[in-house]
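My questions will all concern the structure given below.
Order of writing sets the chain letters: A, B, C and D. Residues in each chain are counted from 1.
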Amino acid sequence: MSIENKSFRPKIVAFCCNWCSYAGADLAGSSRLSYPADVKIIRVPCSCRVNPMFILRAFEKGADGVIMCGCHPGDCHYSTGNFYARRRMTLLFSMLDYIGVENGRTRVEWVSAAEGVKFSDTMNSFVEKIYSLGENVRLGDLRCRN
Amino acid sequence: MQRIGVFVCHCGSNIAATVDVSKVAEMALMEPGVVHAEDYQYMCSEAGQAKIADAIHEKKLTGIVVCSCSPRMHEATFRKAAERAGLNPYMVEIANIREHCSWIHKDMEEATKKAVILMRAAVAKVNLNTPLQPGESRVTKRALIIGGGIAGIQTALDIADAGYEVDIVEKTPSIGGRMSQLDKTFPTLDCSACILTPKMVEASAHEKIKIYTYSEVENVSGFVGDFTVDIRKKARSVDMDKCTGCGVCQEKCPSKKAPSEFNRGLNNRSAIYTPFAQAIPNVPVIDREACIKFKTGKCGICSKVCQAGAIDYEQKDEIITEKYGAIVVATGFDTINLDKYDEYAYSQSKDVITSLELERVMNAAGPTHGHLERLSDGKAPKEMVFIQCVGSRCSDDRGKPYCSKICCMYTAKHAMLIRDKYPDVNVTVFYIDVRTPGKNFDEFYRRAVEQYGVNYIKGQVGKVIPQPNGKLLVQGSDLLDNRQILKEADMVVLATAIEPNPDVRKIATMLTASIDTNNFLTEAHAKLRPVESPTAGIFLSGVCQGPKDIPETVAQAGAAAVKAIGLLAKDKLMTNPCTAHSDELLCNGCSTCENVCPYGAITYEDKEVNDHGIREVRRLAVVNSALCQGCGACTVACPSGAMDLQGFSNRQIIAEVDAICR
Amino acid sequence: MSSNKKKQAELIEEISGVNPLKCMKCGKCSATCPSYNEMDIKPHQFVSYVINEDVESLVNSKSLWKCLSCFACVERCPRDVKPGKLIDAARQMVVRQRNNTYLSPDEIPELLDPELPQQLLVSAFRRYRR
Amino acid sequence: MQELINRAKEMLDDGTVARVLGWKAGDLPYNPEPAYFEDAESLKDFVYNGFCGANLSKYMIEASKLEGKTLVFLKPCDTYSFNQLIKEHRVDREKAYIIGVGCKGKLDIEKIRAQGIKGIESIEGAEITDDADTLKVQTIYGEKSCAYADAMLERCHVCKGKEHKIYDEQIGESKETKDGERFDEVARIEAMAPAEKFAFFQKELSKCIRCNACRNVCPACSCRKCVFDSNKFDSAQKANVDSFEEKMFHIIRAFHVAGRCTDCGECSRVCPQGIPLHLFNRKFIKDIDELYGEYQAGDDTESKAPLTNYTFEDAEPSIVGKRG
């Protein structure tokens, strides 16, 4: 990965569901599949636990990218959680895109417990994307009062 | 304010080689609420756990952060350690600085920085933790086995012998599974039926085992210890209580054109049939698609010849609802479809067969009564070619990326048996690698080569071309002699890749058990919990978890049984206290949360509340914590933020977000 | 010198888009090759030649010009290694080194059959403009 | 209007209802406000004219808790909100007597002012019974006029229709006012470059003074306690001007009402700063319609809301980037 602006180190928050994606991240770790240290993982029981407010909060606090990972559709540990999460995130991302926040800063990937490689690949490509977008100024600037 | 202790584990050099652990401990002391921090070689060791206990006592800690391996590994260990020292176990949080940090980063400075941030997030969370009390739930002392092959039978027998009730649900009309289709077994060359049928009989005769054949699991609800399962008993059209198994109906049935599933479609069976002679139960089924009575309304011969009056054309599917404490998946495998491998001419020639079909050809009860003959013209073959790895070890989308594991051994078995019985038949095996780890396995393969003169050629076959004279031209290469080979064969046998039974994905979804991209069920831990699904109360037996041979399957079946018995032996289970709860003063009673709850754990009650002096009756959401599994779907659906999840509360997660973005 | 060898091997990998390390040495390519007997280096060997960074031998081999580009090996390779692409890449290297000695578009005879697969045309140009 | 008053009196007199929820004249000719009328006498202040844009559905949450039935006047678009509130168990259908009133498009005083008409003393032509296409405005600078359509609220130009979705009886005729497409403005913004979109919303949102008028008027924002006022999300740090809620308030509010918002347009109507807040809600509605099938909140009281529903084949979130 080429990091052009070395001084910029993005803050990236990854929400991972406990049953698939967090385990996938563990597998990436035990398989020593590296991805940049800019990614920090928060464990949630299910992708449906991720409140859009958490994502907005992360951006507001200076995150440059937020990614959510869950079980593949149909494989949710709680049967249907990721279906609701999928709709919520689609609408949220669409709204962020609508107000001019670069779409590349948000992503959803379905990563199973067996997909350590996919987890690492996903994080690598996401971080690369965030580097190419640079610092997130917009969501920090979008305030109601000047 | 909490009094938090932070414990940083070196994990030998696993963490300490890339993370400056003392620095992490040092930084921890600057975090709000942290009154104690230390690092140690192995926190999970007895000495490490003692350090935690000592600190709890000496520093009067109210919260613990352990910076170590994944919480999926040792969260339970540290929670138990804290509990023994008198702290509520849910006051412990783990910062994963191994799998998510030291193992994936190389630069020490960078990894240390990240570890500090992960530690901060965990500290921020613990600051908001509250002591939680697990509830209790009951255990239904009965197990369900899905699949009646050797894996399912063995698991059922082991559980039943321990004194618990077991139900087996089998999709086909008889238990027995793939093993019943095999002729001989490697490496001892035992007759498969001779060792399997006694087990089938034992299972059917066992007072604790109930067998539902020709049945499928239709719906599963509930959770560990208390599953509720709907089983669809498909209409057999034969009364199981009346049938004596005399077999006259099958003889007299005029419709004999349905391909026999048991013989892999190599010959036909009657519309009313038992799959094979030793079937259990020995009660036939009417295949309504093939039956003349069902198709035209006329016939009814079976009913006329049945002296027991067991034929019942009116029989309907029946749904049985039963409760189980544990469920074992033993759904087995099938061979892959060969449509994408046209180069081997499987669809073009009857003399190109799969190894499983060869099992039926070699079997005395098979379509050729055990005579090795070409299925096209019935002639005895002189040249036989075996092709290994057909669809296995493929990284393209035609086959499977994994090794099917059993093919090397059964091919050696086939080659040996053929050479033994028909010494004038030449047998050539084209292989990529011969993989024979296992007790007496390599010796077995060497016997095929040395004693029986089986010709092994290293090199995959490129194509099989059916010739006008009925022969099959096999074009391969001999990589060791560096020559291309054109060989005329009479029969070609494909060691076809195996894949999990295609129905398993549906079943996994019902059970909410994880499954991988190849449709193998995922185990809870690849090494340490190989027979458990990550979903509590679900256990894995046999090939549904990964390719394996009969001895391995039986071993795993026993292991799965032990795990299930361990669960059934408990009277009560502790339930996860990380459940949703609703703040009565914030709840609108709008029913939004109820709509997304997969467990029906949310109901509404009219309750009187005192909202800062205003007393009124309100419609409020109430969570049944025994049913709630803690997914959190409701917490996000709730517009007012009244619904929150214990252990993963809004404020806790936001505190983690803030700590990471700080 | 050795770094030059390495560069050549890397160039082949780049042109072909093939990762030779994926090869499991099954030999299906050689088993399926219609030109096998004409070749001095066999299709499955292309892969190890690239792994061993001996592109020189590959470039000087008879096989280079005996490959029909029928792509049977590409079609059937179970590991996505596709030796046919390696040999094609080696040919491209040769063609590139020869600069402007290959056909220019206006030299192409007008009476070419429009049904002719393009792949065949391209490989024919490479083979017969030696 | 008199017909409404007469009917209200009748129902108060015979005890069918304990009170009437309607609009009463304000201190200016163009600012009537929602009001309860408990007796025939008080009904003298009752008005219903072109400026009665206020959606009374939300007031029925409180009215549902009171003794006896409440007579409420609902315009066609207001009935969607009432249905949605029934679906969410916030209002008691049994406690409401709904008179569906006719509507010929509601007026926006800002639109009149925007045409340079200042110092307004009275307005003629705004009465519901008037058929005039023109408003006559008496100002301190003399009489001015303005086309009725040019003075209409944005929402009336994209009116959802003349049909009352729920009522006990109907009084008065409604008029077709739709002359625009509901999603045109959203589509126009969607087509902008990211920087342009951002500049647009930054400019609009920067006007916000956090008066909470949008939240208070919104029939979907009916939570007993708003998350922005509770400490459950650490989102109520009033002291900090730069806090979470300040920046994200409108996005989160729009998300909270997504799938529940009937697009009644009250938020934009009441915003003292003139922020087109409905553009947030309508973006969600447009996305929901496009991705999950047409859905109109408040069309009925039973159907599953889009965010509490799913199909296996739902679009992936990556569709946002792909739509371009």
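Criterion: a residue touches a chain if its C-beta (ideal position, glycine included) is under 8 Å from a C-beta of that chain, and two chains touch if they have at least 3 such contacts.
Values in this document were obtained by computation on a predicted structure and should not be read as measured data.
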Can you list the groups of chains that still touch once chain B is no longer counted?
-> A, D | C
Would you mind checking the shortest number of contact hops between chain C and chain D?
-> 2
Taking each chain's centre as the mean of its CA atoms, the one lying farthest from the centre of chain A is chain C
Give the chain pair, either A-D or B-C, that is connected by more C-beta contacts.
-> A-D
Centre-of-Cα separation between chain C and chain A, whole angstrom = 42
Between chain A and chain D, what is the gap in Å from one C-alpha centre to the other?
-> 36
At what distance in angstrom does the C-alpha mean of chain D lie from that of chain B?
-> 54
Pull out every residue in chain D that's touching 2 or more other chains.
-> 227, 233, 307-309
Chain C residues touching 2+ other chains are none
Out of chain B, which residues touch more than one other chain, so two or more?
-> 596, 637, 650, 654
What chain pairs are in touch here?
-> A-B, A-D, B-C, B-D
Residue ranges of chain C in contact with chain B within the complex = 22, 24-33, 36-37, 42, 44-45, 72, 76-80
Which of the residues in chain A come into contact with chain D in the complex?
-> 52-53, 56-57, 60, 73-74, 80, 83-84, 86-104, 106-108, 138-146
Would you mind writing out the residues of chain D in touch with chain B in their complex?
-> 65, 87-90, 220, 222-227, 230-234, 256-257, 260, 304-305, 307-309
Sort out for me which residues of chain A touch chain B in the complex.
-> 11, 13, 18-20, 22-23, 25-26, 28-30, 32-35, 37, 40-46, 48-54, 57-58, 61-63, 71, 74-81, 84, 88, 112-115, 120
Which residues of chain B touch chain C in their complex?
-> 343, 389, 393-396, 398-399, 432-433, 458-463, 475-479, 482, 484-485
